[in-house]
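Heads up, there are several structures right after this.
Below, chain A partners chain B and then partners chain C, in two separate complexes.
The block that comes next holds the complex of A and B.
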């Protein structure tokens, strides 16, 4: 390593602090505003020192049916991710072991294409089938978010597992599908954690699909937060508390699975 | 070795089949349905039956100034946002590409904008941009500058939205480039140093050319996503004021779910689809050429 001079080091750490502050700033402002009274929020100049209140959180969790939307978001995300694993793991295995590159691209298309070009026909079809505002419609739509992530991450994860493992089992008389089930899957924990975390977060954050396909019964959190803004435009404290509540689970997951999330987000690009 | 059964002989078809059927049913079929709808006149609210109208929707939409503006706006937003993100993201990655105290914390911080719910991010920036109580104007006035209207003004709404996109997605480029830098072999750097290259020369002639493929892939990924930007625009401005921040995605959404003019909406969706497909083909070409 090249020795750095002290002024250079100071400059470097100043840069790091500056970058961190720019990234953190909106979160900090959101968090502090969520503990402010309405009077403190509209104070000019903006107040840095104030006496914090939990009033906004009480209001959001108390009056807004937030728990129901929270459960809806969790159920939709959980089911979509679970079913995507069921469809995606065998597909990813097949792509990896039989080098089905065209198939990989086909599934990747679902991640790249604009969601609205399927959403409009879904709206018509789901209305006809009486599936609007049901978990079925929402889970199906969110699976289109989760499945490409699962397949993309898992196929390159399977690539990193040596083929010899299942080949030796097959020499001993096991079928390939049994080897996949009994040997490969139990070794795939890290890959599965990466794909589950990422696809759950993207389902959790999804706005457009849920905005169109859900109504009162199956409404998810992002829609609830959005609606809260439209009819409570001036209640900034409540809105900020709602924003904190919706971001907290995704941020918590990211902190717990930091390494996996970084890997999942960057792998597609770095491989090339 | 045992005799392979039917299932085992056809595993390469059976294993991916459910996923293929699912994507066919939920993506390919709807896209074809949209294509078919684009040749019909169908207003869901009027109750009038669907009618075949040939290319009339295309004639109407493709010559409509609102549509042409939306196309230009979509590309303007995308190109400026991604260009800024690419430059800033790479610079930050080059700064952070060394061992330092708190590196893993810094990387965690960089992840946060990427996983933050976009609708909520939009709402937070709405407070930031609020002309009377927002910090943006407070910052301007403490610097003695005239205050702005930010997202409430047709001239400044797109740049203000670009700032939000840059805040949220620059870290994506940074993390990808950091990962790319970490994967580079040491040899060219040592060779350059032995040859007496300055730090700047190493950066200019060794580091940047070597991570360029990674940067390019990251940029195309961002281009595709930026073309489709929906959540922050919808949550912050809904395409307004007037149509001043209406991109193709927002316009398509309004034609579909506010006006329920499904035929015309289809033309808009196909246009967006087409642009995204062009960018996607770009990424696939790039990937194929780097694999060979």
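The block that comes next holds the complex of A and C.
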């Protein structure tokens, strides 16, 4: 790397700070608003100095059944991602090794189609089957989010694993299935972590499917935010506090696995 | 240990014909090298013996069992891949034990066999390392160790040395040969490097475009190449070749199309060939500088490359490049004119490429 002079260095960091501010502004706004009263939030000009209150968080964790939503989100996200791995890893392997490009495209199509176009048929099917407001309906719908992510990330990850590894295992006495299990999967850690992190976050943040398919029993976290919106008024403080509480696990997850996520996403881009 | 019979084997991918009917009989305990330029189908053939590619038609037998429909794991073969294909998440010992574990071998015996293989290959101190902590040569050895612990019927090698540097390649070459002499197991070895083939093989199968061009011992291929392709492929530097025809009468020799006339001593082999379109092939090491007793053909020296033990001279004869290799030291310089005589030459039919005669002059 070329060494920068000091003015260049200063300019560089100024740019970094400026861009970060632009990107982080909505988040910072949300964070600060979550500690403000309703009056402070809608005050004009915006109040930069205010006396912080935990009232909004008390509402989120007290009045709202936040813990229940949290468990629902975790169960739905966990099951959807888990089942997507069970189905998606072998699918991705077969797409990679038997070059099933059409199948891969078809799966991508499911991801590209607006989710709302699935909702009507789902609503009808699930209500006829009496599956409304059940984990089954939510997990199945969230698999539409998680499965394509798993298949796409993992098939390009498998592409980067030399095919000779399982050929060697097969000559050594393994079946293809065993070679996949004992040789390929243990090498796929970074890819699996990437696809799990991303698909879990997408499921975690999904609002639309939960809003339509769940009711009292299975509501997920994003609905908790929505609960602060009523016909009469929008409780901005509650919305902001709930949003912060929801984002925390996603941010935590990303920070922990960031290294893998970047590696997993760029896998196969460069032969190395 | 077993023989391998390849009977009229063909392979096509979609419409492309990769192998056009290959028949080779490999004896029990033989070291056979499949050699040819890239795309000749040698690796495909090896992979078909391993069971990693299906056989379009024909038959492959290992011992007296037809293996066409047998999965790789049921063929009792071991294979060393070009990129070694070591399992990165396993230690050296685990890599070597993998196949034994799959076969349900007892722990004690696995330990014993791994230790013995490690000793043969000098890997004893590296057993707990992982592949990424090893050098290229060590990885190569682990790949071989993984093959030999099994004591398989046949060893298959797919260009195992091409990822190593030149010095290591030479060392591993003799190591593999030594291993063959110790184990006496049938080995089939694929390479594009004719020197590897010449130095290691009991028998060489030269392939081109999905066909076998010639099968034979290394010296047989060198001394009596069946056709122009084998003649040009075996031997380094490659054989000099000139198109033309044999002249007998006022002067006897080979009159090349570029105008060069190579005087040749009269020989019964030349009669009957006069007038036919031929190619003369002269190995660089069979070209000597003409003395007073014999007439040679004139070349202009362009490059002189002395290596100490020999001198390679690249010269031009009427526009055609001629390479000569001298064992004795030569005091030739660029721009000099030399008169060369062939001590041994081959004549090939120009159309079919088949060899018609080999003559010691």
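Quick note on the criterion: the second predicted complex is superposed on the first by the 238 of 272 C-alpha atoms of A that agree within 3 Å, B and C clash if a C-alpha of one lies under 4 Å from a C-alpha of the other, contacts with A are read in each partner's own complex, and residues count from 1 in each chain.
Going forward, a contact is a pair of C-beta atoms (placed from the backbone, for glycine too) under 8 Å apart; a residue touches a chain by one contact, two chains touch by 3 or more.
Since this is a predicted model, take the numbers as computed values, not measurements.
Student: Does chain B (first) or chain C (second) touch A:175, or do both, or does neither?
Tutor: both
Student: Applying the touch criterion given at the start, work out whether A:208 contacts chain B, chain C, both or neither, answering first, second, both or neither.
Tutor: It touches chain B, and chain C stays clear.
Student: Between chain B and chain C, point out the one touching more chain A residues.
Tutor: B
Student: For A:186, select first, second, both or neither according to whether it touches chain B, chain C, the two together, or no partner.
Tutor: In the superposition, A:186 touches chain C alone.
Student: Based on the superposed arrangement, let me know which partner A:196 touches: chain B (first), chain C (second), both, or neither?
Tutor: So A:196 meets neither chain B nor chain C here.
Student: So, A:81: does it touch chain B (first), chain C (second), both, or neither?
Tutor: A:81 sits against neither chain B nor chain C.
Student: Quick check for you: in the superposed arrangement, does A:90 touch first (chain B), second (chain C), both or neither?
Tutor: First partner only, chain B.
Student: With the touch criterion stated at the top, can you tell me which chain A residues are shared between the chain B interface and the chain C interface?
Tutor: In chain A, residues 170-171, 173, 175 are touched by chain B and also by chain C.
Student: So in the complex, which bits of chain A are touching chain C?
Tutor: It is residues 162, 164-165, 167-175, 178, 183, 186-187 of chain A that touch chain C.
Student: Can you name the residues of chain B that touch chain A in the complex?
Tutor: So the residues of chain B in touch with chain A come to 1-2, 4-5, 7-8, 11-12, 14-16, 18-20, 22-23, 26-27, 29-31, 33-34, 37, 44, 92, 95-96, 99-100, 102, 104, 106-121, 123-128, 132-133, 135, 138, 142, 167, 171-172, 175-176, 178-180, 183, 213-214, 217-218, 221, 224, 227-228, 230-231, 234-235, 249, 252-253, 256-257, 262, 265-266, 269-270, 272-273, 276-277, 280, 283-284, 286-287, 290-291.
Student: Flag every residue of chain C that touches chain A in the complex, lowest number first.
Tutor: Touching chain A: residues 50-52, 71-73, 75, 77-79, 81-83, 85, 87-89, 98-99, 102-103, 146, 150 of chain C.
Student: Across the complex, what residues on chain A touch chain B?
Tutor: Interface residues on chain A, with respect to chain B: 1, 12-13, 15-16, 19-20, 22-24, 26-27, 29-30, 33, 41-46, 86-88, 90-91, 93-95, 98, 100, 103, 105-107, 109-110, 112-125, 140-141, 143-144, 147, 151, 170-171, 173, 175-177, 201, 204-205, 207-208, 212, 221-222, 225-226, 229, 236, 239-240, 242-243, 246-247, 250-251, 253-255, 258, 261-262, 265-270, 272.
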